[in-house]
Amino acid sequence: MIVRPPQHWFVRLFTWHGSVMPQILFRLLLNLGMSLIALALYPWLGQHSAHLTLPPFSLLGIAIAIFLGFRNNASYSRYLEARKIWGSMMITSRSLIRQTLCAVNEAQSPKLAAKLLIAYAWTLNHSLRGSSARQDLQRSIDPSEADGILNKQSMANMLLLQVGQLYANLLRQGKVTELQYRNIDENLNELSRCLGGCERITNTPVPFAYSLILQRTVYLFCTLLPLALVADLHWLTPFVSVFISYTFLSWDAVAEEMEHPFGEGANHLALDAICTGIERNLLEMTEQTPLPPLKQVDRYYNLT
Amino acid sequence: MIVRPPQHWFVRLFTWHGSVMPQILFRLLLNLGMSLIALALYPWLGQHSAHLTLPPFSLLGIAIAIFLGFRNNASYSRYLEARKIWGSMMITSRSLIRQTLCAVNEAQSPKLAAKLLIAYAWTLNHSLRGSSARQDLQRSIDPSEADGILNKQSMANMLLLQVGQLYANLLRQGKVTELQYRNIDENLNELSRCLGGCERITNTPVPFAYSLILQRTVYLFCTLLPLALVADLHWLTPFVSVFISYTFLSWDAVAEEMEHPFGEGANHLALDAICTGIERNLLEMTEQTPLPPLKQVDRYYNLT
Amino acid sequence: MIVRPPQHWFVRLFTWHGSVMPQILFRLLLNLGMSLIALALYPWLGQHSAHLTLPPFSLLGIAIAIFLGFRNNASYSRYLEARKIWGSMMITSRSLIRQTLCAVNEAQSPKLAAKLLIAYAWTLNHSLRGSSARQDLQRSIDPSEADGILNKQSMANMLLLQVGQLYANLLRQGKVTELQYRNIDENLNELSRCLGGCERITNTPVPFAYSLILQRTVYLFCTLLPLALVADLHWLTPFVSVFISYTFLSWDAVAEEMEHPFGEGANHLALDAICTGIERNLLEMTEQTPLPPLKQVDRYYNLT
Amino acid sequence: MIVRPPQHWFVRLFTWHGSVMPQILFRLLLNLGMSLIALALYPWLGQHSAHLTLPPFSLLGIAIAIFLGFRNNASYSRYLEARKIWGSMMITSRSLIRQTLCAVNEAQSPKLAAKLLIAYAWTLNHSLRGSSARQDLQRSIDPSEADGILNKQSMANMLLLQVGQLYANLLRQGKVTELQYRNIDENLNELSRCLGGCERITNTPVPFAYSLILQRTVYLFCTLLPLALVADLHWLTPFVSVFISYTFLSWDAVAEEMEHPFGEGANHLALDAICTGIERNLLEMTEQTPLPPLKQVDRYYNLT
Amino acid sequence: MIVRPPQHWFVRLFTWHGSVMPQILFRLLLNLGMSLIALALYPWLGQHSAHLTLPPFSLLGIAIAIFLGFRNNASYSRYLEARKIWGSMMITSRSLIRQTLCAVNEAQSPKLAAKLLIAYAWTLNHSLRGSSARQDLQRSIDPSEADGILNKQSMANMLLLQVGQLYANLLRQGKVTELQYRNIDENLNELSRCLGGCERITNTPVPFAYSLILQRTVYLFCTLLPLALVADLHWLTPFVSVFISYTFLSWDAVAEEMEHPFGEGANHLALDAICTGIERNLLEMTEQTPLPPLKQVDRYYNLT
C-alpha cells in the first residue's frame, strides 16, 4: 500500500498512519522505562563509580548509523527493483497489445491476449501475496481454464506458456509474420524476466546476518543509552533517550519493512492498484468494457 | 525548471531564487525564536541543572546527516532517472524519424510521424504536470483526432498506439520492409518504456516512512539544538543554531523537491524546454516550418 | 543456505544459528580477556601516565566503520549479482522451454532440451561448490553422455555446447525456423553469460588488500579498545568493550561470508533449492514426472 | 584535458597544475586573514565570553563532509558517464566501419562512411565546447556539404541523418543486405544515444540547490572555523584552519569542476585526443592516409 | 595478479605479500620519526602553549575517511569493470565458437576462428600491459599475419577486423546463413565493446585532482597527528600514531593500486590466467591440442 499523506510539514509531525510507529512503540516504551530506571539508580551508581560515559556510545552510535545506512540501501533497492519490475509488467503488456493490434486484422485475438495478460498480472500478484487468485482469474479467463491453471505448481509460469501458445497459433495461422512474432517473443521474454525477478525478491531476503547484527546492536545500544546519558542530563534523560532511540529504531524498522516490498503494509507496493491499471489500459486499448474502477486511497490515504 | 544562476561564488552566496530558502524560511525563524527562548531561560535552567549538553546531539546530528545522505540519494536518483527518460524521448524520436526518412521514399509519412511524436511528447508532459494538453495537441495533430485522444483514460498510451498503427499501415502498403519495421518497432517499445517509467516515478513516491522519520527527527533536532548550544555559546547561540539548522533543513527540503522531478519548481526538470527541443529537431529533420522558438531562461534564470 | 529465522524481534536477539557468532566467538573471548587485563593493569598504568584515551579511538573507530561499510557494499554486491545470475538461469531456462514448446510440434525435443538444461544447472552448481556432479548429471541425462561430460575441463561449457547442437539439429531438420532459432540463440548467449558470471565471481575475490587492511585494523582496534575505555568505565569496561567489538567484528565477518556467495554457510545462496526449482518448473512445463520434492528448510531454518 | 602528473608521492605534494588550487587560492587567503583576525580579537572576545567552541563545528563539519561526498558522487558520475559515452562513440564508429568493410565489396563506401563518422565526432566535440566545427568539418567532408551542416540548428543530428542516408542508399543499391542494414541501424541508434546523452549532460547540471547549499555552508563553515579554533590553538590557529579549509574547499571545487566534464580545464575530458583517436582508427581501418598525429601532453602534462 | 593468501585470521595479520605495506612503509617510518620528534619537543612546546589538540583532527580525520571511501569506490569500480570486461571476453569468445560450431559443418573454420580469438585476447592483454604480443601472437596465428598485425597502430582492432572478415567470408561462401551471421555480428560488437572499454580504463585515470587532494591531506594529517596526540598519550604516541596512519595511508595506497587494474601488482587482475583460460576453453571446444597448462599461483600466492 502507498500512503499519500497530508502535505503540510506541521501536520505530518503528528501523523500516525504510514509511519513505523506501530512496530516500534513497544520498544520505545521499554526504552522509556529503562530511562526511568537509570534515573532512579543514578545516585546509587554514582557512589560505585560505575556509570557509563557517552563517548564510547557516540563512537558506537555513529558506526551503527553507517551500518543502518547500508542496510536501508539494501532494502530500499529491493523495493525499487520490485517497483521497476511491476512497471515493466505494465509497459510490456501494453507493448504486446500494441504489437498485436498492429499485426493482426481481426479484433478477437487482441482481446483474448489482453484477457490472458490481465490474468497473468493478477496471478503473479496473488502468488506473491499468498492470496487466492481464483476470483481475479475467473473474471478474466474461461473458468475451466482457470481451474487448470490453479492446479499447477507454478501458476504464473504456466499462464505465460499459454500466452506464448496463443501467439504461436497466430504464427501458424499466418496472422502474424515471423518477424512480428520475433518482436512479440522478445516481450514474452521480458514478462518471463518479470516473473523470475519477483520470485527472486520473494525467495531471497537480505541475508539474515545483516538484520540480526543490526537489530541486536540497535536494541542493546538503545537499552544502554539512558545509563550513559543520565550523568549529564539528569531528569532530561528520558526525553533525549527516547528521541535518539526513535531515530535508530525507526530506521531499523523501515529497513525491515522495505525488505519485503510485496506485503500489504503501509509502505509496501500497491500491487492491486497496478494490476487494476494494467487491466484498465489493456481493456481500453482493445475496446472492451466495462473498465474496472480506479483504486482510490482509503481514509488512511492507503492504496492496496 | 532549471536555474542557471550567476557563476561567481561570491554573488551566489546571496542568491535567493533557486535555493530552497522559501520552503524553509519559516522554520528557520522558528529556530531563531527557539534560540532566543533558550537564551532567556538559560539562567533559570542552570539553577535546576536541567540544560541539555551537546554530545548526545553530536551523535544524533551525525546519524541524521547519514540518513539525509541516503534520502538525497534516493530522491536525486529519481530526478536523474526522470531526466534520462526524457533524454531517451528525444533520442528515440530522432532515431525514429531518421529511420522513417531512410526507409520511405515520399516526404509525407515522415512529416506525419514527426507530428505524432511531437504530440506524444507534449501529451506526456502535460499529463505528468496535470495541465491540459489541448493547446499543444491541436497545434501538432488534426483537431478532431486531438479530441478523440483527449477523451481517453490514458492519452499518451493511445497516441503511441496511433503511432504504431501509422507504421503498421506503412508496412501493409509496402513502404517499409518487414526488417525496417522491426527496427522501428524496437524504438516504439522504447517510447513505451519512457511512458511507463514516467508513470512509475509519478505514481510511486519515495516511501512515506522515510520522509516522515527524517522530517520529524530533523525538526525536533533543530528545535532542541539551541538548548544544547546555549551553555557554551551564550549570545552566539542564535547564529550557530540557525546555521546548523539551515544545513539540515535545506538538505531535507532539497530532497523533498528532487523527489517529484516533474513539478514546476526551481529545481524541477525543464520539460517544456525539452519538448520544444524535440519539436525543433523533428521539424528540422522533416523540413517543416516554422520552428518554435527556443525556450529562454526568464529573469530568475528559470527555464520551464 | 538461506536461514529463515524466527520473526519475533525478541526471540531473534538470542538466535545463534545464522548469525556470525561461530566465526567471531573466539575473538570476542580474546577481547574479554584483554578487558580483564586492562582492568588489572589500570592502577599500575595510571601511575606511569601511560593509559590510552578514547578520542583517538573514536576517530579511528568511525574511519573503520566507514571502510567496513565500503567492504560490505563490495561483498554484498557480489552476493546480489550471484543471486541475479541464478535468477537468470531460472528465467532463461523457462523461456527456452517455452520457445521450444511453441516452435516444435512434437513432444520429444522439448523433453530432451529440458533434461539438458536441468543437467546444465546442476553441473554449474556442483562445479561452483567443488562437489561431484555425477549423481545429478546421471539422473537427468544418458549415463554414457554424462561420463563424457565429466571428463571435460569445463563441464558446464561443454554441456551448453551440447544444448546448442540440439537446437542446431532442430534447425537443420526444419523443426524450428531460422528466426525462432535466433530467439533461442539469444537465450543460449544469456546462459553463457550466466556461466561466465559465476566463474568470474568464484575466481576473483574482493582484492585481498581490502580484507587484509580491514582485518588488521579491526583486530588491533578491538584489542586496544579496553585500554582506552578502562579509565572512564572501570569494571564496566568488559561489557562495553565486548559490545563494541561485537559490532565491528561481526560486520567484518559477515562481509567475509558474503564475499563467497556460492559456499554452503548459513548466509550463502541456496543453490540446491534453486536447481530443484528449475528442475520442477521445466519438468512441469514439458509434462514429465515425477517432480523432485521442494527443498524444505531444516531444523535450523536452513535451506541448502 | 587529462593531467598525467609526476608519479612520485613526494613531488606530487607540491604540484600546482591539475590541482584545484587556482580556484580556491583566493578563498584560502580569505580564511588566512580571518584566522589572523580571530587571533587578534581573541583576548578581547575572551573577556565577553563570546568565543565559539569547536564541538558544534565538529558536528557541522562531519555533516558537510557527508553532503560533499554525496555531491562528489553526483558530479563524478556525470564525468564517468560522459567518458563512457565518448568511449561508445569510438567503439560504435569502429564497429560500423568493420560492418561496412565486411558487407560491401568496394573500397569507396567504407572510406566515405569513415569520413562522415569522423566529421560526426568532431562536430559533437565542438558543439559541446561551443567552438567552431568549421575547420575540422572541412578537413573530413566536402566543403559545400560542410557549409550545409554548419547552417543547421542541430548539426550533429543532421550529420547523423546523412550517415543514415548513406547506408540507406547502399541498401537500395543492394550493396548491403537487409539484415546487414539492420546490424548497421542498431549502431546508428547507438550513435544517436551518444548524441542525446551528451546533450543531456550539458543541458542539465546537477540541480543548482545542491551546489548552492554546499557552497554557502562550506564558506560559512570555513569563515567561522578560526573563531572556534583559536581558544585551543592560539597562534597555531592559522595553520590548522587553512588546512581544514583546504580539505573542504578543494572537495567543493573539484565537484564543481567534475560537474561539467566537457570543459577545457585540467580535470576535464580530453575530447580532442579522443576524436583524434577515432580519426586515426577509422582511417587505418579504411587504409586512408595520412593519419593525424597522436595528441601529446603539453609541458603541464595536459592533454586537450 | 591475484593473491590467494593464508585463510586463517591469525596468520593473515602478519602477511606481508599482497598487502600494500611495501608502498607505505617508508611513510610509516616518517610518521614514526615525527612521533619521536613530537615526544622530544613536547615539554618545550607545552611552555609556549603551542601544542595541537585532537578535536580539530578528529573532525578532519572523519572528513578524510569519508573522502577516502569515495575514492576507493571510484577506484574499485574501475577494477570491477575491468574484470567484467575480461569476463565478457571469455563469455563472448565461447559463444562465438559455439555459434560457429553449430552453424558450419566442417571442422576447419571453427578452429581458425578459435585461433584468431585467442590471438585477440592475448594481443589486448599485451597492449594493456605495454609488453610485446609477438610471442603469444605467433603461437596462435600464422607468423606472417602476426607481423602484419604487429605493425599496426591499433593491433587488437585490426585483429578484430580480421575476425569479422573471416565470418564475412563464411557468409559469402554460404556456410553461415544471414541470420546466423547476425547472431555472430552481435558478439563481434560485444568484443569491440570490450576493447573500447579496456582502452577507456587505461587512458582515463580517476581525475588527478582527487588523488592529489587526498594524498596531500592524508600525508599532512598523518604528519601533524603526533603533535595532537602527544599531550594525552605521552610515550604511547608513536604506537597510536603509527596505527592511525597505517589505516589512512593503506586505504589511500590501495585506492591508488586499484585505479590501474591492468598492472602486474599483487592486487591487479590476473590477465595472463584469464587469457590462458580462454585459450584452454576454445581449444577444448574445437578439439585442438595441446591445451596450455593452467596458470598456478607462485610461492607468494600470486597469479599473473
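A, B, C, D and E are the chain letters, set down in written order, and residue numbers restart from 1 in every chain.
Quick note on the criterion: contacts are C-beta pairs under 8 Å (C-beta built on N, C-alpha and C of every residue); 3 or more make two chains touch, one makes a residue touch a chain.
Everything numeric in this text was worked out from a predicted model, so none of it was measured.
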In the touch network of chains, how many steps separate chain C from chain E on the shortest route? 1
Neighbour overlap between chain C and chain D returns E
Residue numbers at the chain D-chain E interface: does the shared fraction exceed half, giving same, or fall under half, giving different? different
Once you find the CA centre of chain B and the CA centre of chain D, what distance in Å lies between them? 24
Would you kindly tell me how far, in whole Å, the mean C-alpha position of chain E lies from that of chain B? 38
Which chain D residues touch at least two other chains? 55, 58, 62, 66, 69, 73, 179, 182
Considering only which chains touch which, how would you classify the arrangement: line, ring, star, complete or other? ring
In what order do you meet the chains if you trace the ring from chain C in the direction of chain E? C, E, D, B, A
Sort out for me which residues of chain E touch chain C in the complex. 2-5, 9, 12-13, 15, 18-20, 54-55, 57-58, 61-62, 65-66, 68-69, 72-73, 76, 79, 83-84, 87-88, 90-91, 94-95, 98-99, 101-103, 177, 179-180, 182-183, 187, 229, 232-236, 240, 243-244, 246-248, 250-251, 254, 257-258, 266-267, 269-270, 280-281, 284-285, 291
In the complex with chain B, residue positions of chain D that touch it: 27, 49-50, 52-53, 55-56, 58-60, 62-64, 66-67, 69-70, 73-74, 152-154, 157-158, 160-161, 164-165, 167-168, 178-179, 181-182, 185-186, 188-189, 192-193, 195-197, 199-200, 203-205, 207-213, 215-217, 219-220, 224
